[in-house]
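Each of the two complexes below includes chain A, the first together with chain B, the second together with chain C.
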Partner chain A sequence: MSAGTAKLNVTVAEVKPINELVTRFKFVRTGGGDLPTFSGGAHTVVEMEDGGQTRLNPYSLMSDPADRGAYMVSVRRDDEGRGGSLFMHNNVKEGMEMVISNPVNLFSLDLRAKKHLMLAGGIGITPFIAQMHQLSHTNGLFDLHYSVRTASLGSYAEELQAQYPNRVHVYHDDQDERINLEELLDTQPLGTHIYVCGPKGMIDWVHKTAEELGWPREAVHSEEFLAPASGQPFEVKLAQSNKVIQVGEHQSLLEALEANDVDAPYLCRGGACGQCETTVIECDGKLVHYDHWLTDEQREAGKLIMPCVSRFEGKTLVLDQ
Partner chain B sequence: MTIQFNDETFRDDFTFRNSPEAIKRFPFPFHEDSYMYSVNLEPHVALKRPGSPFEFAFDVDEHYVSEMADRAKVLADDPLRCQSLPHMTLAGWDLVEYIMEAKARDYPDLFELHKDGDRWRWINKPLGIDDTFTFLDESTLPYGPMEYITRQTQGDFALLDQRDDNLWMDAGMVTTQADWSLDFDIGMNFFEWHAPVPKAHEMGIFVRALKFLLNLQQGAPVRRLNWTMTVNPLLDTSPENYHKWGEMKSKLTMDNIGEKQHLRVELQTLFRLPRSNAICFPIRCYLCSFNDLVSVPKWGRRLHRVIRDLPEELAEYKGFIANRPLMIEWLSQYDDGAPTSDGIFPDE
Partner chain C sequence: MSKTEFPPSITSRPVYGELEVRPGKHHLMIADAEGAEAILGLASSAPADLWAQTHIIYIPKSTGETYTGDLRALNPAQMYVGPSYEAAKQRIEDTFAKAHMGLQVYLTGTEGLMGQAMAAAIAAGIPHTAIQTEHRGSTARRMQCVHCKGITEDVTTDPFVCSHCGLNLFVRDHYSRRLAAFQGVCIDAEDPGNVPPQVEVFK
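Take a look at the complex of A and B:
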């Protein structure tokens, strides 16, 4: 059974530009009725029919998990990227019917925590909005430190400050405001858990600083979805389905499998969950790993690849698919 | 589809009985004439077979009221059979919501759920319960949320918290379990509760199973059937009580085996709880005496063949190796060697 099969039919109820780069989309169940509840930090995979190509992009749910009437996601336009965000910005209109996955949470709160310390960078704010909703229903203790480029690009910063006074702290890059991480971590009560979502540099910085200050690994949580990287086109042989397929420059290996009717498993499509792990039978060339899943030893061994983000350069690649 | 509930016991005088309808819907676990151990997880989708135990998310049958009375007795003797670590309260509410919505939808003549915002009214007619409470407010229920709803739902329940890329058995209601102990396993992770640590070559299976469960998706529950043998229709075969039930195994004869020996089937399901991201693992037990099983000719033939050909180590592992020769001798009377049809259901 391939994962990612539990789907929801939804209708776009609202498309709302938040600022120059970010637009918010609201989905309701097509034909009415409740959507499933979810837990803060969950994402959904949105299916897009983009000119003969199916794109599936994960977006964090930012609405109140207890609100079963609608889901909301925010999409940051990436002019450089492979087009998923551009499709959302340019083609998705109110009233359109779409298919999204059931919520999946790879960034859930550790409910044992005495306090939740949230660190957001840019569009990484969205899962925290849902988590703050969830915690405020159960009187959970949290603080959010949110780093934005400029006030006008700081999506939701003002609303959040108004909604959770004293708990939301905003830092503006253009005014040289920076999170003083060491001091912040040093002053947290015992039993605090740290959550970080944002650009890769920020995530690495938080993990490294926390480790240096002696925080246990289990108390630091992060989420980073990688957009699949573009790269040289390549050819793959599939041993099980007995096919030879081409992976295009702006296509991921997973997308190429799907375009060739191979039922490949996935959940996050961002190199984080491990669901798409595939065995490499033969490799004459170089596997280019972009995922967060495989260990260094596994990469060295060269027997596994994560098709949602990773690629290949060389002569022959044979996969157990 | 109103159900006639039995008044019966699962201890002392053992008045437990299956009606002819209950026998016909028994989840017979063997789809062919032999059995091999496998993890055999399949999607827990509703089976369009009216009356089957796979028809609904939570099956309610004629034993419901008496099973709940038995659970109350077990808990009165040993309250530690129900435990929930403090961070699992939200998962308990998840379960309340999931079960109440499912039962009210699937058995509208037996259960009703009326919501007015967070004020919920729950009517459980078979157990004579009519409670109004505030969702997510523990002080408005007589027990914690998991205990409250699992005192009204057949089957044992384990709630598994997901964190640090592992699963932790942090809450459960375990009163009908074949041979494991919640009090021993509470707070353990996936590898610890499968201890003694699996051998290296088995480790791969455990890692794959864990990975599968960590990625279990909301809206896509899975199920499997497991089985064992129990002498007398005893629900509570826990290690804590081995001294009480262990000796019953030595009292079987050709004359009483048909009545006393029961095939015990566990319908195990796994589903993601949406609000807490925990996993719920219900283990529902069905019992059927050998006498009742052989009343279905296909099952009589097949059970004989399965038990006869089962590898030694499996009979040993399932705890009936000593009684196996007796079982085979008795069952052979019901196997004329005729072929059997595929699948678990009786021939029409």
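Take a look at the complex of A and C:
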């Protein structure tokens, strides 16, 4: 059960390849009508019926939040992933009916900021496209620094540079162009907030550099969706529902709960939001935490687990579920 | 005088911590009266290059020349000594307007000074949780009369007489971050003239 998010029935209105790895999907409401409003940085969870298995993947909305006629998401194909992005690329066609969640925003703009400094890496560009739309309606001040592997893989880089001249700066890895982060951060006016979305290494680099340069923690925002990690299969006992379930090698604990008709709460499915936090009653083994939610002290205590991304290795795990 | 312990109160009442040197390339320290001691106290743990990156704005009030010599001896990059917050206000706002992210703000001294400087820092875009404070010296309060909206500085008694409209005001712990003032409410509205005796509660 997704907490507080009713489902939306949508029809795929357009499937547009952007480059060799990224494809853009446009959803309109099935039967017509407006979609719910959202704010820049929001994501939707797309349900995929993939041969008897339901995949639920979060994707950032990249369309203009002021346009309620359609939502757009961009999906980067991951050939080594668990199959969600491959399903989107290979199976989703124009005219197909799908189910998506209401938008949820875990990466919203702090509108108290005097200026918004956006740092994107690769497909991490998508939430910023919606945020830039939102800010340009209100004359908000922003700069985007966008790191891409090559010009041909730099999704939307040219369009954004044309749309927001002087505000969008693109860096190409293959031409050895790098964001000069320390200089960039040191020269920002008071009241600037940083937003970073991209690979884990980039997010960690930005948080660490900002902290060293004396930025307040509240002024640095990041979003990284984790795909649930694969790992050894394991068994879980559920105290409330009195069940014993098996979690497969490429299945998350949350997915295993759902496959066994246990109505577990979730929101982001990527270790970020905290909604699926579950109490550990008994643990004879090792909890393998992958989330961004629990603090080091909570991990140390071993009383909580985030079933959307985290796993277990050992003999017995009993959850209050 | 060491830092002040305040009795427990409602959540609206500000709480203060202890200053510590934080990483950053620029440091702005605003203090009044005994707040100078908190700045001088940082010297023992300060890295050698701290003072060369520091701007001190100091309002001695009744302490006169007691601390100014010691503060100057720290050899800060800039130091201003002035008679009142109002006199320093232009300088404080101008400093924030020209500052960059990474600036560390340290406020110490009376509640009135810290509150007003905090409001200026928040208006400049610094999250309030990132601004350090340490209370030193007088516990006299900066009060707003909720009736005429006039501000009375350095209130030491409860009740007190509004310096603008003359009403007898009860000193509440209810605090406004926007106004940097506690709220004073008429204590004899229903029975004019029935005013409890004034007690000096803040020193």
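Following the convention adopted for this analysis, the second predicted complex is superposed on the first by the 317 of 321 C-alpha atoms of A that agree within 3 Å, B and C clash if a C-alpha of one lies under 4 Å from a C-alpha of the other, contacts with A are read in each partner's own complex, and residues count from 1 in each chain.
Quick note on the criterion: contacts are C-beta pairs under 8 Å (C-beta built on N, C-alpha and C of every residue); 3 or more make two chains touch, one makes a residue touch a chain.
All values reported here derive from a predicted model rather than from experimental measurement.
Student: Would you sort A:Arg112 into first (chain B), second (chain C), both or neither based on which partner it touches?
Tutor: both
Student: First (chain B), second (chain C), both or neither: which does A:Thr138 touch?
Tutor: Touch status of A:Thr138: first partner only.
Student: Which partner reaches more residues of chain A, chain B or chain C?
Tutor: B
Student: Determine, under the contact definition given at the top, whether A:Glu218 touches first (chain B), second (chain C), both, or neither.
Tutor: Touch partners of A:Glu218: chain B and chain C.
Student: On chain A, what residues does chain B touch that chain C touches as well?
Tutor: 112, 217-218.
Student: Report the residues of chain A in contact with chain B in the complex, numbered from low to high.
Tutor: Of all residues in chain A, those touching chain B are 1, 3-6, 8, 36-39, 41-42, 65-66, 101-105, 108, 110-112, 134, 137-138, 217-218, 267, 273-275.
Student: For chain B, which residues count as touching chain A in their complex?
Tutor: The contact residues of chain B facing chain A are 42-43, 86-88, 90, 97, 136, 161-164, 211, 214-215, 217-220, 274-277.
Student: So in the complex, the part of chain C that touches chain A is made up of which residues?
Tutor: Residue positions touching the partner: 22-25, 96-97, 99-104, 124-127, 129-130.
Student: Going by the contact rule set out above, which residues of chain A touch chain C in the complex?
Tutor: Per the stated touch rule, the residues are 112-114, 185-192, 211-219.
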